[in-house]
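In what follows, subunit A forms one complex with subunit B and a second complex with subunit C.
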Partner chain A sequence: MSETPSSADANDIALRSSIDRSLRHPVMFFFTSGALWLAVSAVLGFIASAKKHLPEFLDGCSLFDAGKIDAAHINALIYGWGFQAAFGMIIWLMARLSRKECTSSGIVLVAGHLWNFAVLFGVVGIMLGMGTGVPWMEFPKAVWPVLLLCYMLITIWSLIQFQVRDAGHVYVSQWYLLAAMLWFPWIYMTANLFVFVFDGNPLMAAGIASWFKGTLFLLFFLPVAVASAYFLAPKVTGRPVYSYNIALFGFWTLAVVGPWAGMQKLTGAPIPQFLPYAGAAAMVLILVPAIAVAINILKTVSGHGETVTASPALRFTAAGVVGLLTYGILSATTHAFGFSLVQFSYTDYGFDILGLYGVFSLCAFGAIYFIVPRITRREWLSRRFISWHFYLSLYGVITVAISAIVGGISQGEGIEAWNQSFLAGAGRAQSYGWGVTIAWGFLLLSSLFFSLHLLLMWARLGRRSSHPTLLTGPHADSPHGPEGEVDNYGSATA
Partner chain B sequence: MKFKAFIFGLLVSFGLPWLLVIVVPFSAMRSLEPAKYAGMEIDGGDGVYIPKRDGRIKEGSEVYGQEGCYYCHTQLIRPTYAGSDVWRADWAGLKKSADNPDTRRETLATDYEGEKIAHIGVMRVGHDLSNLGRRLEANLKGTQLSPETWTFLHLYNPRGITPYRKDSQDREERSACPSKPSLFKEVSKNIAGFNALPVASPEGKAIIPSDRARALVSYLVSLKKDTLEQPVPQNLNYNPIQPAAQ
Partner chain C sequence: MDHTRDNPLKRFTAFWIALLLVGCFGIACIILRPLTHGQVDTAYEMVSDTRLATKSEIKKSQAAALDFEKLEKTLKSAAQTLNQAPSKGAMPLLGAPTK
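Take a look at the complex of A and B:
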């Protein structure tokens, strides 16, 4: 760890801890409520997936009707967990990197509560049959202006902090955060206005909804995850980012490629023909920024294998970066060769989950394991909880990726075989559907470990120790000295 | 990297695709030129192609969205370069038989008229529904069931009724669709009258569809996106020639 008193001067430490203190409540609120939404989404995802291969599952419980529950699941995942984790990361990272305290944590906290009520209203609304029927935008129509307002109230202070920062170096993380903060309102307003407010062709509404789905991941969740990786990798290893030029290249390729993605979902639909092609091309080219980011982060941490395994923050981040590389490779392959095969199969869902969980959430977990001890001034309670969370997450997301993406190809082949019975083809997906269901079981367990741990930290029950909780046993040559000796607050409870 | 250059770069790299992918196509698709029949020789008539659909399209389409049907069903018959949908039995229309000509065609831009959003669909766990109304009509011919009743029964209990394909009784043709009990209600037999579904119910009670179910079913049986009742202009009709079975 680079934050030893000997290497940083006292003013610096005081500034950092005052920034952490100013953000303690909003950031903890976003992380804990986000983690609980993640658990809710995992339950809903489990049921939604089970209904695809066991149609009688929970039959007669109209709240959990198929279709509605798929919508509730993915919306809870995006708006409940994804956004709140991203908010916590954005406001903390931006404050730390701009070296400015947050002076409006009260407003952020109020907006965060409002956001949660809006998401709750939206998810319950979907389950009661009041959804809009637009993928990823199913919340009843009254919800989106509220979400947009909350978003503004939460992130505007980070923009201001960046503007009033003392002149100096702008970090790579800051590019990504700044861009994500500006892209999202543009994307969200465009999608909602063009789909719900302006009167247009219904096909174009479907196209714009797909574009929203594509860009929301590539231009909001991905940049936030990458920003966190660009912060943590150098911070934890104590090395500068491997290459500034690769970082620059990775950022601008994402900025140029990302906005085109999404409409490949409408391949073959009677819309202007270049739209699906542009979308598919973007999904192929996304491999370029993915490789750039992966090389840069992995090169930064290479040679620090022990740190990567020992630090929960770095271990999750590294897994997320490998997830990004996998996403890029699989996306480029499926969209370049035979996209029609997987256009309407499980593959699409596999990409959604690989992106939202395998890339974004893993990086978010990394950030949370780094941030929470600093703002609560307590260390994580249990190394075992973190390990369980890590392995269950990893196995879960790998199972989803294999079952849905690879299984989706087999399913697509079955459906495309037009002279075979349709249900025989679609039936190929059933066993892979089991895989997705079991994976959500894993992810549910992992999120339970995570939420419980986070709630304990939120209740200020963390270890009062100057030793970070590492995933490998204590070392005699640790920079913090042998375990227990520097401990001012009695023995550690891990 | 200067801040102004950074913001300018973001504006250009995002604004250009935004204009080209969203704004321009949106305005272009907003006022589509109506398709014209080419004349006597090819189309057997003159005039403008006006798509017609019967039923409570707008409300039904909304209920379809609210119930999340699009997570498992698509409504898109892709051209042959993008998929084999047009060849699959009954998806794109009816194949040539003694009763009817070949009525298959691809999806047209006008096919979703009257709906707020085209329910393209997320995944094909179930059948494509572009021509659900048409194939119910054809398959239920000569049976007691009307397409409406069949659809009500299917939504109430998808595996409780005989498959609509007369020729197949095997397991594979049985529906994998979860039921939608929330669309139905149980009322006293006296109130139900003709609306009662022919399903088992407690003594003195009957199951009737709710208003939402009626709208949904009216929409579903209206899905007849083929050329049987309404030929489309030749320049839009890419009726595929079926490839030899491998």
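Take a look at the complex of A and C:
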């Protein structure tokens, strides 16, 4: 603690501090508005799930019709929370790793506001019955060009930062961020043009819509989550990534396998036979990059159990990585051995939430707990809030995933039984539906803790301390030394 | 800062390269469009000629079968019956207002 930092260290600290300052407003805007959309999505998810087993629930209002509320819930989760959390992570991580300040934070902030208006218009449009009915592209048709424009205005500066970075090492996180930034416009533009603009064969439009739904998680949300994990695990533990070769292998297997996923949902449809098989094979092979990432991250943090337990960033990230491994195993198992049981059942929803929440969101929470103190220069107020957020999120997402996947398999068995009616299959999933509804209640509570905490941090009401908020023990016992004023913040987090 | 890598010209070039990179996905879609845009015969359109022919035939035969003068007379007499006050002991008419 008494060491005087060298001039190079001081310059480095000053550079990081200036990068954080340049991104403070856009990043905090994306995180807080994303967190509020997450709470909205949890409310909609609760209602949507309740309507599956209690159809008379809120049946007096057409805004809450089952088809509308389901679409509004998943779109608010994806475009309201998911993308905004991803934007915050992308622009901060790329700036830090490229060691470049953001010179266009004003444009990013304006684009962020426009994105929010578009999402609000889209969600309200769906609830008013103006949705398109195409999975994960349900917003009214006018919304997608606006979202694409905003996306460009938000991420293009990160692409420039990468291009003009100082010569030297390209980090694993940067590979994933760069890939995600380019893969999304590819899949989004292709899907929307072929589904809504070009009047091609409607069957292929259905195939492309299915492909978009399959690849959006694998080619955008997953790479961003993995980039964050590859940044945080070495950063917090102070160890290098376990194996660069495994990281390289994991990245390229995802790049090769990911784009094939999606069309397995159309098995039996009159489209070229190889497409659904290729989709199912991709969903089996996704286990390979999942294992590669999980081994690399978990081996990087192995031996640092106490740090994983104490650090909110690392705890959420480790949970997200375990979620990825679970996603890979379940995906490989169901698509290899029992696809007929899950094709038309509730299981798909379980996979969607396991991916979007159990993998992406947990990693995003980890990143947010790491990034926000650095850009606000305040520490998190309450470790209890963080703990509650962690446990409610974890138990909530586990309950949603288990209920939907197991309930869906049971439903699939009922549908497959030739001597039973179709409704008997749906009846099997009813009790599991209760589990999903209760779990969304947990997730709503967790997102309220999170949103409140984040809003307090944005208002700069966090602790003025150089002492990170850890989840175990009183702060005085922290290895970061005694409490200090925020002025020595830089050296404490170097 | 390494000025050989980061200067306004380099940033300007990087901006357009990034824009072109993203735009090329859209351009590729437009190029691929003719390959995927096959002749689409929807079931609705395929049967529409027969359906419209049947519809016009039905309309014609209905118009021919309808005698408007006779219909008006019937309607008038029915209206008169409905407007009459029921005589004592008469059975109530179906649909007539009750008193």
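One rule holds in what follows: the second predicted complex is superposed on the first by the 467 of 494 C-alpha atoms of A that agree within 3 Å, B and C clash if a C-alpha of one lies under 4 Å from a C-alpha of the other, contacts with A are read in each partner's own complex, and residues count from 1 in each chain.
As a convention for this text, a contact is a pair of C-beta atoms (placed from the backbone, for glycine too) under 8 Å apart; a residue touches a chain by one contact, two chains touch by 3 or more.
Bear in mind the structure is a predicted one, so any value in this text is a computation, not a measurement.
S.K.: Counting only touches as set out at the top, which of subunit B and subunit C does A:A167 meet: first, second, both, neither?
M.R.: It touches subunit C, and subunit B stays clear.
S.K.: State whether A:G200 touches subunit B only (first), subunit C only (second), both chains, or neither.
M.R.: In the superposition, A:G200 contacts both subunit B and subunit C.
S.K.: Between subunit B (first) and subunit C (second), which does A:E416 come into contact with in this model arrangement: first, second, both, or neither?
M.R.: Once the two structures are laid over each other on A, A:E416 reaches subunit B alone.
S.K.: In the overlay, answer first, second, both or neither for which of subunit B and subunit C A:I156 touches.
M.R.: Only subunit C is touched by A:I156; subunit B is not.
S.K.: Who contacts more of subunit A, subunit B or subunit C?
M.R.: Per-residue touch count on subunit A favours B.
S.K.: Have a look at where A:M189 lands relative to subunit B and subunit C in the superposition and call it first, second, both or neither.
M.R.: second
S.K.: I'd like to check the shared interface: which positions of subunit A are touched by both subunit B and subunit C across the two complexes?
M.R.: Subunit A residues touching both partners: 182, 186, 190, 194, 198-202, 204.
S.K.: If we count contacts the way the header does, which residues on subunit B are in touch with subunit A in the complex?
M.R.: 1, 3, 6-7, 9-10, 13-14, 16-18, 20-22, 25-26, 28-30, 32, 61-62, 64-72, 74, 76, 78-79, 81-85, 87-89, 106-109, 111-113, 115-127, 158-159, 172-182, 212, 245-246
S.K.: So in the complex, the part of subunit A that touches subunit C is made up of which residues?
M.R.: 100, 152, 156, 159-160, 163-167, 182, 185-186, 189-190, 193-194, 198-202, 204
S.K.: Which residues, counting only subunit A, touch subunit B once they are in their complex?
M.R.: 51-53, 55-57, 59-60, 62, 65-71, 126, 129-135, 138, 170, 175, 178-179, 182-183, 186, 190, 194-195, 198-211, 219, 248, 252, 255-256, 259-260, 263, 265-272, 275, 278, 340, 343-346, 348-349, 415-419, 421-424, 426-427, 429-430
S.K.: If we count contacts the way the header does, which residues on subunit C are in touch with subunit A in the complex?
M.R.: Contacts found on subunit C: 1-2, 5-7, 10-11, 14-15, 17-19, 21-22, 25-26, 29-30, 33, 36-38, 40, 42.
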